[in-house]
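So that we are looking at the same thing, I have put the structure below in structure tokens.
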Amino acid sequence: MKRKKVLTAIIGIALVLALALPLSSCAAEKKMYTVCITQIVTHPDLDNHRNGFMDGMAEEGFIEGEDIAYIIRNPEGDMTVAASIADYFVSIKPDLIHAITTPCAQTVVAAAEGTEIPIVFGTVTDPVAAGLIPSWTEAAPYVTGVSDWADVPTQIDLIIEIVPDCKNLGIIYNAGETNSVVQRDELVDEIAPDYGLTIVEATAASTADVYAAAMSLVGRVDAIWVPTDNTVFSAFDSILKVVEENDIPFFGSTTAMVEAGACAGAGVDYYWIGQQCAYMAAKILRGEATPAEITPMTCEMLIPAVNLAAAERMGVTIPQSVIDKAQVIEE
Amino acid sequence: MGKNKSLLQLKGITKVFSRGTVDEVKALDNIKLDVNAEDYITIIGSNGAGKTTMLNAVAGVFPPERGGKVIINGNDITGLSEYKHAAYVGRVYQDPNIGTAAKMTIEENLAMAVLRGQPRRLRAASNKQRRELFRSALAPLGLGLEDRLNAFVGTLSSGQRQAVALVMATISKPALLLLDEHIANLDPKTAQIVLELTEMIVKKEKMTTMMVTHNMELALRYGSRLIMMHEGKIVVDLNQEQKAGLTINDLVTAFEKASGRRFIEDKILLRR
Amino acid sequence: MSFSFYEGLVFGLVAIGVYLTLRVLAFPDLTVDGSYTLGGATAAVLIAGGISPILAMLAAIGVGLCAGFITGLLNTKLRLPALLAGILMMVGLWSINLRVMGGANVSLLREVTLFDMVADFLGLSSGSIVVSIIVAFVFAVIVFFILNWFLRTEIGLSLRASGDNEQMVRSLGVDTDKNILLGCSISNGLVALAGAVVAQGQGFADVGMGIGMIVMGLASVIIGEALFRPRGVARLLVAAVGGAFMYRLFITIALRLGMAPGDLKMITAMLVIIALAIPYIQKKLRHEWVPPAVRW
């Protein structure tokens, strides 16, 4: 039957391609390192991280094209595809895999089990809960990396400095993102009681729900803060609309958020995290240390950032004392 | 089981559709009907006379209006859902596609049918014994279907499908067989074959049968009793002796006398 | 390529589940996105809590059965249209899944899963693709034999006839409502099992893991039907798994060629369209009659 022949041909070609491609990446005379990179979705913070990583590697002497080849894949939110990517990476036996974000790190670590491929994770909020490393101070035999768990009290300090009368603090987040839930738990359970704050929560299961969540906080809060939440950041503008209309001070948790229009934030610098990951990776590639010997890191860099133009739009006056010590974002 | 045992009793069956709207129509008007065992009733009437609706009432497709009763073999089954009526009623539809499952084989279809009205169990639907039963049910049809148990019903012609539907309706020996213009969609040659098959099965199994047809000549030639409906009522009811030797013209006259109307359905008179 | 084999087998379970509702019952059931995650979440939480993986997976099947049962109830007792019932369940299960996991993610990387047990038994490493394929294959075979037998029993036959010709089945004395309840339950139980297997294989359960599962199931069933033209129960089951395999293979190839996963969804859509269009175009070329468009 003609159709069967055509289909068989297509399948045949597909199979040949599938088998041939991995083989083609083999030829090299000088040692060309292969590093695989993956992040769960395209997102300014994650992209910053990746850039920081690749720049950091270049700093360490690994020039792309000469010493090192990068294979970058992005599943754009689809976890099943993330698993396929992890398997693909493992199958080409790279020198190192850099996995950005929790789901990517988890799939990569699971897929690489039994091989000895070193894995450096980055921007994983709680790598211990995710099962990547046994504890905050101990790396796994082949896994180490940098967490982006931002110090929440420092950020709340900043909010109180700018809005001293704040009693009710709103938070918008996606309950489906572990990283956000972890930060929200810390805020509600530990920090709020200490500071005497009442936390008003609004959750959004997807980007479409963010606007409604923001609207639900109007009239009930003195300020709004968002954790490092991918969903919220993707729908950032809808929150800006609400806070600017209603003059609500709005604080972010990363520098990128302040650049995007939050009035201020003691931000996690993802570029810096990426660089730290690169320094770890460089050590591993040069054979100076195994992953087990590199202690996992948390994000120590919290630079307050302020966006004066955004502050004005929300009707917020930022005290000079804050401006002096902060990174001022121009728009 | 003597010929005079009452098999089906319809008492005061009324059915109104689209009540309260512009389209309100009284499809059945206080029908009273007694069917005895082994009666072979042909039912004719113009469109909208209520023939199919009456069959539907017997089959339990809908409950009759209050006061109506459907009694089969002494059991009052008024108002029970259709699948509960199914134990008593075997039905063949006008459309051969409705009576059979196209994506399943003849064997599977018959396996379904033989359990009419019984609860389904977790055991194999078909085995050697059942297959023998199916073959012996299909062989008399003379269509060679008994050798094609594994053929998918969708590959059969309309006539063959209707024949299978007929066997499916009767293989479990239900109390009542309802035929709803079951040869109307077939070409004349096939229709004749299926009609003869119907005759054969009805005689062989001594089935109590109600056959709706548009064809007056058929209605006269076959069956032991003839019923004519008009506007939801039964206007003519002839038994064997009364209908023997009647011509179509006689029927028409009888109709006009009983209903007080002129009979003007060309389709029926001219024999489709 | 071997990974696609594993994926084909495991998502083949999902495809079979979707086939049961979509084709056998003619009931488009969207609960799948939710029940798949529910299965993964339940198994993960139990395993992380110290329960044996086998028991955890049985529990996963159990909750899947319940989820499907409720969808069926919504349709048969409350007369919600099938599509709506499935969507509502899918939405509701999102919250339930978060509750089950006590969060959005449960890690299994440090736990002993079924994969670890099999790997130990065979003396291989748990990340080995051979282990994955064996596990998936065993499940697929067990499911195949059970369903192949079941769909030929009296109950199974009436289930199949319900999707083929519901009117006929009712007139044969079968309570079609019960059939829908049974079919939906089994289907979602299967899907939950798949979720439980995948969660252990990938090392975690996440509230988002089921997103897009119904599309994958639909695509697998449709591709399988177009490629294998199955008739009869056994072939249909194999076709569902085969369709899942082809679908995953295409994705793997697209990934290796460096295609952006964002474009992957478009590719999926095109694949399904082509698979559906080929028989139609063929018929037209042969000047055969084509039936009018089906609303569903």
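Order of writing sets the labels: A, B and C. Residues in every chain begin at 1.
What we mean here is this: a residue touches a chain if its C-beta (ideal position, glycine included) is under 8 Å from a C-beta of that chain, and two chains touch if they have at least 3 such contacts.
Computed from a predicted structure; not experimentally measured.
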Count of contact steps on the shortest path from chain A to chain B: 2
Most distant chain from chain C, judged by the mean position of its C-alpha atoms: B
Chains most often in contact, by C-beta pairs: A-C
Whole-Å separation of chain centres (CA-atom averages), chain A against chain B: 71
Rounded Å distance between chain B and chain C, as computed from the means of their C-alpha atoms: 42
Centre-to-centre distance between chain C and chain A (centres being mean Cα positions), rounded to whole Å: 32
Chain C partner contacts - residues on chain A that touch it in the complex: 3, 7, 11, 14-15, 17-19, 21-22, 42, 73-81, 83-88, 90-91, 102-103, 106-107, 109-115, 129-132, 134, 175-178, 181, 205
Contact footprint of chain A on chain C as seen in their complex: 1, 3, 7, 94, 98, 103-105, 107-111, 119, 124-129, 198, 201-204, 206-209, 211-212, 216, 227, 246, 248-253, 255-258, 260-262, 264, 278, 282
Contact footprint of chain B on chain C as seen in their complex: 149-150, 152-158, 160-161, 164-165, 167-176, 231-232
Residue ranges of chain B in contact with chain C within the complex: 59, 82-84, 86-87, 89, 91, 97-105, 108-109, 111-113, 115-118, 120-126, 152, 168
